Structure formats: structure tokens, C-alpha cells
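Both of the next two complexes hold chain A, though its partner changes from chain B to chain C.
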Partner chain A sequence: MRGVERKKALWGFIFTVPAIVFFAIFNLYPIFYAVWMSFHRKDLLSLKPPRFVGLANYVYLFRSESFWNSLKATFIFAAGTFVPMVVLSLVFAALIVSRKRLQRFLQMVYYSPAVLSSVVAASIWLLMFDPRGLANQFLNFLLNTKGVDYRWLANENMLRLATIIVYFWKYVGYFTIIFVAGMASVPRSVHEAATIDGATKWQDFWYITLPLIKPTTLLVCVMTTIQCLRTFSTQYLFVQGGAPLKPIDVIALSIYNTAIRDHRIDRASAMSVLLLLIIMSLSYLQMKISKSEEVSY
Partner chain B sequence: MVKGFLTSSAAWFFLIIFAIFILTPIVFMFTASIMSSKNITRIPYPWFSGEFRWQNYWQAIKGNDGKFLYPRCIWNSFVVASLTTIGTVFLCSLTGFGLAKYKFKGRTIVLLLILATMMIPFEAIMIPLYLIVTNLKMQDTYAGLIVPLIMNAFGVFMMRQFLITFPDELIDAARIDGASEFGIYLRIILPNSTPALATLAVLTFRSQWDNLIWPLLIVQSPEKRTIPLYIIQFATEKYTNEGAMMAAAAIASVPMFILFFTLTNYFLTGAELFAAKKD
Partner chain C sequence: MRWLILVALIVSTILCASQIEIIFWTHEDPNRTPLEERYIQEFQKMYPNVKITRVTYPSAKIREVVLTAFAARKGPDIFNMEIQDAYPYIVNERVAPVSLSALGLKSYDELRQMYVEGTLDAVTYKGKIYGLPLELTNWCVFINKKYFREVGLDPEKDYPKTWEDMVRVSEKLVIREGQILKRRGFDFRYPYYLTFMLPMVEQLGGALLSEDGKTAIINDEAWLKVLRFFKEWGPNGKNLGSPTYTAARKDFNKDNNTVTMCLSGLYQILRIKAENPQFYESKEWMVVPFPVFEDAVKDVRCNYYGHYYMVNAESSKEKQEWAWKFIAYMLSHPEEYLIEVGLIQPKKDFVESDTFKNYPYSKVFLEDMAKSHIVPLHPKGPQLEQLIKEAVESVMLTNTTVEDALKTLKKKANDLLKEE
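Moving on to the complex of A and B:
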């Protein structure tokens, strides 16, 4: 019997060997490589071997205006997306769950932009933000102005707002679905008990649903933040389409440009390490919080 | 009663207004794809101009240089996304099975390592990964596009969570009938976990079809490009008119919409599963 157990254990290990090899080569090794590279001087095209320079790359980054600008652009984008994304996806989920009809249909409609690829989404909006495009027509209608060009792709703040709108439009349905799933997991009996005790719909949402879906809310908050810090496609296409780079030079775009356009893989590696640290600490925070905030019905 | 009706219709109003906001860009894409530039930039935008300019689609397919690169790029995207999906489904379920149903030394460490890699953002490792792939001489090849993405920690974790509840009796019965451990995986586990496998497949295919940053780093020759790269190139070329640009976008979207309408449930549970990814 012990032999059989040992044979089974061996097979279990064999089944995980491909994964261990894969994650070691393509996930863990790159991290060490990035850390190592960030302490060296290395140009992408030069054949000179990397030269150890200590913290020089980090010192350079913290002194460079463009790195701070990247952090600022990323932060504005993340902050600007975070609030509407979390609040509205929660509201939509609550409204959808309370419908008696067309629940599935509404979920499908709201989710549909997430099906499009991000380049397609960005290219549609690129045309809609055209001076003669729908965005100006809509804003003119809303503000009761006539033929004003709001310079969506030229003005610094409008451009930032434009990228936020694209991102919000594409992913709000995705987070709505997550909230719907979270709300569906609250037992019906809890709501029924509240209703019998005379709670209104509003009270039911505020005092029953909201506290009970706290883990889902936390998850959505962290996921939104992390995804926003990783944003790339919209900004890349907008810049290719002629928009100014500076206001939307988010960190992923900056890493890409530093490595591929400027050939400075050492600085790009240092930026990667910093991005990794920021996101890892956020994920760690999420795990801490979700452990302490477990709810029981 | 009246109050209930009011809040209900206010809710419907809100939901419908927002549904219009969501659908407008998609409708814009399809309507603009059959219009001339003149109509697209007309104010107000003529939603149904009566114009059917199919040349836009022809131009998108033919390309401005007449080399018909778009069909080639669609094929590339299809091959890369499919092979990555097949690999991911197979490898993640195998690992998930090993972690869920076998006790061996170091299992917890392996699981923890995989959970830790789930937190690594691709954007933070793409530059070293690019250097590794270049060193392996896989730059500008299908292999370079596929291999580094053929597994993901989330897939392993999801399959493990799913297989933990898999009935042990089924596995033991097969063992008594003389099945090998790998045979159990092939003949018992795989056929009985189709919902989880399909969800993982849809998630993977979608994200590969959408992938921009990795092909941008890896691909150099025009005929190796994937759809997102083609669209960016096409959209920023001087001779591309707005209609043709939307036609190219529509062509890229139709396969995903077909997949979405036929496999809606797997798309939606895919999003829900993300919500359940906490241990």
C-alpha cells in the first residue's frame, strides 16, 4: 500500500513539473533578470556587456522629469477611472439584480464592449473624438453650445478624460457582472427576513446587500486599480493617431518607449521593478484585507 | 404602490440611457464602416445614411499597398490564439489536477509560488521576457508569440479550485479498473470538466485575440503581424479613410461577437470566476 501511495505522489509531482519549469523560466526568472539589469548599464543594440552601475538607473529615474510625469499620468488615469468604475458598476449591478425581466439581456449589453479588442475600442473612439465627431456633437447638445470643438485629442485634460472614458466604457460591464455575481451569492432568505421586518428596498440595499458583498467590493477596488496601472493600448493608439504623448504617457507606455524607442533596457528594467513593487504591494494589501473581512451569512 | 412604480421606471430609465451609451460606439463602428468619409464627418452624424459603401471592406482587406495582408494577419491571430488556448487548457488542467488530487512533498510550496505569480503584471516582466525570447531566437516567430503565454497562474488556480470538488470515487474506480494516472487525467478528468475547461478556453482565446503589447515587441515582419498590429498600422496610414478603418475594426470584432453570442455563459462566468479567485 505504501508503494502505491508513493507512486501516486510521484505522479502528482510529474503533473506539476511542466508548470514549475514554465513559471520558473517565464515568470520568476524575468523578475530576477529585471532586477539584475536595473543595476547595470545596457543599451539594447550595443554589443558591450552590461556594466554594473549600482543604483544609477534608479537615481536617474527619480531625477528625471519624464518619469515623474509618467507616474502622474498613470495616477490621474487610475484615480479618474477608479471612482466612476467602482460606484457605477455597483449601482448598475444593484439595478440589474432588482429587475424582474431582461436581467440576462442587460448583462449582455453592458458586457459587450469587453468583447471587443482594446485596439478596436480605441480606434472607434479615436474617430468619435475627432473634431467633427460624435463626442463634440454630444457635448454641444448637452451644454447647449453650437459647433464648439472641445479639443478631445489636443487639450491635455480632455485627452486624459478621453482615455478614461474609453477605459470606463470598455470595462464597466465586466465589473458589473462581478458585482451581480457577488449579489447573487447573498442568500435570498436574508433579503426576505429584512423585507418582513419592514425594510424598504433602499434600506435593504444599504444595510443588507452592501455589507454582505464587502469582499466583492474590495476585490473590484483592487482589480480596478491594478488594471488601471497596467493600461497601455488606448494610450498607444491615441499617440500613434497623433495625440500628444505627455499627458497620457502612462508607465507601461513609458517602459515600452524607453526600451524599444530609446534602447535603454536598463532604465526600462528599473521602471519595471518599480511597477512590480507597486502592484505587488497592492495585491498583498488585498490579500490582507480580504482575509480579515470574510463575511458569514 | 405608486412610489414603487416610480422608482422602478426611474431605474429602467437609468439602465436604458446607459445601455445606449454602451451600444453607441459599437453601432457607430458598423454604420461608419459602410459610409464614405464625407458622410462620417457630417454634422449631425447620419446614423442611417442609406449609403452602402462596401469598398471600405475591400480596402481594409486589400490594404493600402494592395498586398492583402489583412487576411494573413487574421490567420496569424487565429493560429496564435488557438494554439495558446489549447496549450493553456491542457497544461493548466494537468497542473490543477496534480495539485488538487495528489499529495506530494512540496505541493504547498508549488501552489504558493503559482499564487504569487498571479500577482506579477505582464507589463513589469515584458522587457526581460523580450530579451529572453530574443536570446532563444524565437523573435518574429509564432513560437515567440505563443510559448511565453502558454500557461497562466490564474488558469492553474481556477482548475485546481474546480478539481478539488471532483468526486474521488470516480478516480478510484478508474484506478481499480487498471487505468494509469495519466489515463485517469485523459479519460476521467478532461471529459468531466468541460464547463471549467470551456470557461478557461474562452478567457484565454479572448485575451490573446486582444493582445497588443506582446506582438508589438516580438513581431517584426509585416506578414507575421496579428490583427491589433494590423489595425494600428492601417489606422495610422495616410491613405486610410475613416470608413475603411471602421471596416477593419468590424472585421476584427465579428468573430468575437459570434463567439460571445454562442458562448455567452462562458464569457459571463469567466468574469464571475475572477470574483471567486480568493482562496
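Moving on to the complex of A and C:
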């Protein structure tokens, strides 16, 4: 029997080897290289070998006003996106699941923006946020004002809100589908038992569905956090389109500018390492909090 | 039979070995592509052992594509970028000096003699020349004459000569719906501040760097006046324009009543022709010089920038030689580059030719260029430009005072210069 188990384990390992090799080459190696580079001085164009500088890049970053601004911009964006994204994707999923008809159609409609490339999505929204664009026209119509420029790309707070809207629009469908899958995995018998016991639809959702989809909620929370902290293309395109950099200079954009504009791959690596640590810490924290409430039927 | 196969293999190996492939990366320019593809065909016909592969990238992308390729030591054999982006490649010795033998010349002085004075300075480093100019571009003001007449102005007489005129004329031309600009009189070419804004500062006696290059942002009064000008221009002032509107030069070509004036280079003429032939044929557009301030102490016009063809220093010597030979072949057709693409090659005999002199508005551009200088070339130029962008946008789009914006700009720019 032990021989069969060992054989199964061996085959299991063999089947995972391609994925491990792929992950090692394209993910692990760049991570280790970035960590190594972050302790060196290196100009991206220079042919001189990297020079060891210890923690100098990290010291520079912690003293740099623009790095702290990037952290601030990233956390404002993440906080502004995380809550509506998780709450509303859950609500949309509940609406889809509760419907008897058009479930597939609604899933497709919600999911469609996620298929669009981020660059295309940001470009479309950029046109809408132009002072003469649809966003101003819509708000003027809604608020019964005329000719008011709400400065979507100019005012600091409106600019932040604009990037949050684009990101929310693009990814809410994606997380809705994950919630739909999570809700579908709850056995129907549990809902039926609750209904027989006299639970209302709201009680069924609140006391049955929500606790039982905790693993899905955790997955969505972790994924949303990671995605929000790594956000780049919307901010990049908005800045290219004339928006001021400072309010939306998120860490990923700052890493890009440090490496590509300033040629400082060493500092960009140090920033990447710090971003990785932040993402890992937050993900660990979320998993730790929810571990005490694992689900079993 | 085996012998035959062996001989065939050896022959094919020798043939392959003598075939040279040159990889050539350049930015997208729909008018330039057919021209250079033809030069490639002609060159390959003359030298059948040379194969040239031309790859284009969008202008906004080429900087990072070339940079990452060079960082991985896999750069193309030939490339071009705006000189302020290409300059670090020279300083870091990533590009090869011009091969005099490939050009059939004896000395760099002989090469310099072929070009308008000073136009090779940007690519001269430690006595050697590292690039040949594809184009030098300065910006002048393009005007839609129809909208001038519409508000009772005579475009030939009333066009803005000074920046103060620009404000007055724009106020007449602008059409607003509440706070929203339906038609702008003029708008700047954001965010190329080192190209168009720095000359405005210099007109008032200011500078980006001190002569020794150790101090940044020289002459507070000049910078303050220009920052004040932009504050007034933006939505918090007279609301005449803003970086958040569609680029003025793009709207200009459409002739759709959204902008009357924009800043652009000579190449804009052929872009109008390609995008809106009706507007081009109507002759309802004209080009006038870059304005100066009324109290200017220096007559400086819009900075010019250039695209220079360069060759990868890590390509084999043989490839470098062929690459320079091919570049020289392409650039031996300055008239076609002007007529078909609208690019100015600063070759002495060409600039003095009738083809150039008879080209519409070439005189306006050339006269302005004579009063201007190349965009500042500094290893930290892109970062300095970013800091200026932050300063201008903070006064235009937020409530930051010009004094505070200048203080921040000065501190950050000087800290940047002090960095290792």
C-alpha cells in the first residue's frame, strides 16, 4: 500500500515539475535577482558591474518624500477600491444567483470589461473624463447643473476617484464570477433545510450563504488587495493623458518611472522588494484573521 | 551521395556566414515607412549580402523598448530616439562613433562641414561623433485663419507676437460653456516643458542650470513670472487651456472648432494633409513664429530637438560598418524626407537648396531655429522635466501659490543634482 502511495506521490510531483520550473524561471528568479540588485548601485544603461552598497537604496527610499507619497497614493487607491469591490461583487453575485433566468447572460455582461486590455479600458475612460467628455455631461445632467467642469483629471480627489472608478468597472465582474462560483458550491440541501425551518431569503443569505462562502470571500479579499497594490496601467495612461502625477503616483508606477525614466534599476528593485513585503504581510494577515473560521458542512 | 550532402552543407554554411543581418528599430511614422522601406530594397539590391530588418514601435513605447533591450545587451544594430533620451546612450558608451570609412570621409571635421553649425554638438562626445541627424525639429504656432476672422481678427496682422498677445487673442477666440472650454484659442504642448516652457523662462533671463551645471533653477523672478503666466492660463485663472484637454495639435488637424492655434513642427503640415486633405487644400491655416514676452531680455524661440540615427557599440565591427553605410544611404535623400515626411535634415547644401526654401513656411521655422538652441541634454534631464511638470501643474490645477511651487521645484531640482 505504501508503495502505491509513494508511486502516486512521485507521479504527482512529476506532473507539477513543469509548473515549478516555469514559476522558478519567471517568478522566483526575478524576485531573487531584484533582492540582490536592491543591495547594489546600478544604472540600467551602464556597462559597469553592479557595486555593492548595502542598505543605501532602502535608506534613500525611507528618506524620500516621493516614495512616501507613492505609498500614500497606493493605500488611498487600495482602500478606495477594496471595500466597494468586495461588497458590490458579493451583492452582484447574490443578485445573479437569485435570478432564475438570464444567469449566464448577466455573468457574461458583468465579466466583459475584464476581457478588455487595461490599456484600452483606461483609454476609453480617458476620453470620457476629458472636460468635454461624457463624465461631465452625465454629472451635469444628474445634478441639473450646466457647464460645470468637475475636473476629473485635474482635481486631486476627483483624479483618485476616476482611477478607482476605472479599476472598479474593469474588475468587479471578475470577482462577481468568483463569488457566483463560491455560492454555487454551497449544497442546495443546506438552503432547503433553512427554508423548511422558516428562514427568509435575507436570513438565508446572511446566516447560511455568507458564512459558508468564507473561503471564497477570503480569496476575493486577498486577490483584490494584491491587484490594488500592483495597479499600474490606469495611472500610467492617465498621467500620459495629462493628469498630474503626484496624487496617483502608485508604487508600481513609481517603480516603472525609477527604472525606465531615471534608469535606476537598483532603487526600482528595492521598491519592488518593499512592495512584495507589503503584499505578503497583508495577505498573511488576512489569512490569519480568517483561519479561525474555517468552513465545514 | 554523402559527399554531395556534405559539400552542399559547407556551401550553404559559407553563404549564410557571409550574409549580414542588420536590425533597425525606429518610431512609427506612417509617412516615413514607405520611404525607408524603399531605401532598404535599393540598398539590399546594391549589396545582396546585407539584409535589413526594419521594426517600428509607437513613439511613446520606443524609449522603454530600446532601453530594456540595451539593458539585456540585446539592442538593435540601428535605432533612433529623441536626443534627450538617446544622450545617456552616448555618455554610457553604448553607441559606436560614426565610421568615417563607411561614409567615405577623412575626418570628423569634414563631416561637421556637411551640417549646419552646431547641429552635431548634441552627439559629439570626447571629440567623436556618435549619430547622424534624421531630423531637427522646432515648434512654431499653427493658426486656423477661419476662426480668427470669425471673431473679427485679421490673422495676417493680429496673430500673437508676444505671450501677452497670446492671452488677449485667446480670450477673444475661446468659446466656453460654463467652465468647459468648447473651443480653445491656443494651448501648449504639455508635458514637453523643457522644449516649450524653458525658452519662455530664458526670454526673461532665467535658466534651468547655472553655467557650471551645479545649480538648478536660475533667476527666481523669471521662473515666477512664467509660473504666474501658467497659473493665469489654467482653469484657476482665465481658464484658457489645461493639460487635461485633448492635445491641441491633434484637435487642430480636425478643423472642428475645438482649437484655433497649436504648437507643432514642420511635419504637422503633411499630417494635416494626410488627416484632413480638405482643410489642407483650403489654405485656411498658417504658421507664425514662437512668441516672446513683451519685456523679454533675450530673443529665444522654442527649443529644438532631434532624432539621430545611432549604431549599437556591441554589434560586430562588420555590422557597424554596414549600418553606417546604410544610414548614410538613407540620409543622402534629404529632399525626399522633406517632401514626403516633412522632416528637416540640417545639411548645409540642403537648407540652402530651392527645394527647402520653396517648402511652405520653411522660412518661419528656419528663422526661429536660428534664434533657438537644442533642448537641454543632461543625464538627469527627464527627472528635471518631471519636476517642472509637477510645478506647472500644481499652479495650474491646484491652489498652490507660484512662490510655493518655485520653492519646491528649486529644492527638489537641486537635491537631484547633488545625488550621486
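Going forward, the second predicted complex is superposed on the first by the 260 of 297 C-alpha atoms of A that agree within 3 Å, B and C clash if a C-alpha of one lies under 4 Å from a C-alpha of the other, contacts with A are read in each partner's own complex, and residues count from 1 in each chain.
The criterion applied here is as follows: a contact is a pair of C-beta atoms (placed from the backbone, for glycine too) under 8 Å apart; a residue touches a chain by one contact, two chains touch by 3 or more.
All of these numbers come straight from a predicted model, not from anything done at the bench.
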Putting chain B and chain C onto chain A via the overlay, clash or fit? clash
In the superposed arrangement, which partner chain does A:95 touch: chain B (first), chain C (second), both, or neither? first
Which chain, chain B or chain C, ends up touching more residues of chain A in the combined arrangement? B
Does the superposition put A:245 against chain B (first), chain C (second), both, or neither? second
Quick check for you: in the superposed arrangement, does A:134 touch first (chain B), second (chain C), both or neither? first
Touched partner set for A:153, first chain B, second chain C, both or neither: second
Report for A:263: first if it touches chain B alone, second if chain C alone, otherwise both or neither. second
Looking at A:189 after the superposition, I want to know if it touches chain B, chain C, both of them or none. Which is it: first, second, both, neither? neither
For A:144, using the defined touch cut-off, is the partner it touches chain B, chain C, both, or neither? Pick first, second, both or neither. neither
Of the residues on chain A, which ones does chain B touch that chain C also touches? 130, 132, 147, 240-241, 260, 265
Of all residues in chain B, which touch chain A in the complex? 7, 11-12, 14-15, 18-19, 21-26, 28-29, 32, 40-45, 91-92, 94-95, 97-99, 101-107, 110, 113-114, 117, 119-132, 147-148, 150-151, 153, 156, 181-182, 185, 206, 209-210, 212-213, 216-217, 227-228, 231-232, 235-236, 242, 245-246, 249, 252-253, 256-257, 259-260, 264, 267-268, 271-272, 274-278
The residues of chain A that touch chain B in their complex are 8-16, 18-20, 22-23, 25-31, 33-34, 37, 92, 95-96, 98-99, 106-121, 123-128, 130, 132-134, 137, 147, 169, 172-174, 177-178, 180-182, 201, 215-216, 219-220, 223, 226, 229-230, 232-233, 236-237, 240-241, 251-252, 255-256, 259-260, 265, 268-269, 272-273, 275-276, 279-280, 283-284, 287, 290
Within the complex, chain A is touched by chain C residues 60, 63-64, 67, 70-71, 88-89, 92-94, 176-182, 190-191, 235, 242-246, 258, 380, 382-383, 386, 389-390, 393-394, 397-398, 420
Mind listing the chain A positions that touch chain C in their complex? 41, 43-47, 129-132, 136, 145-149, 151-156, 240-246, 257, 260-263, 265
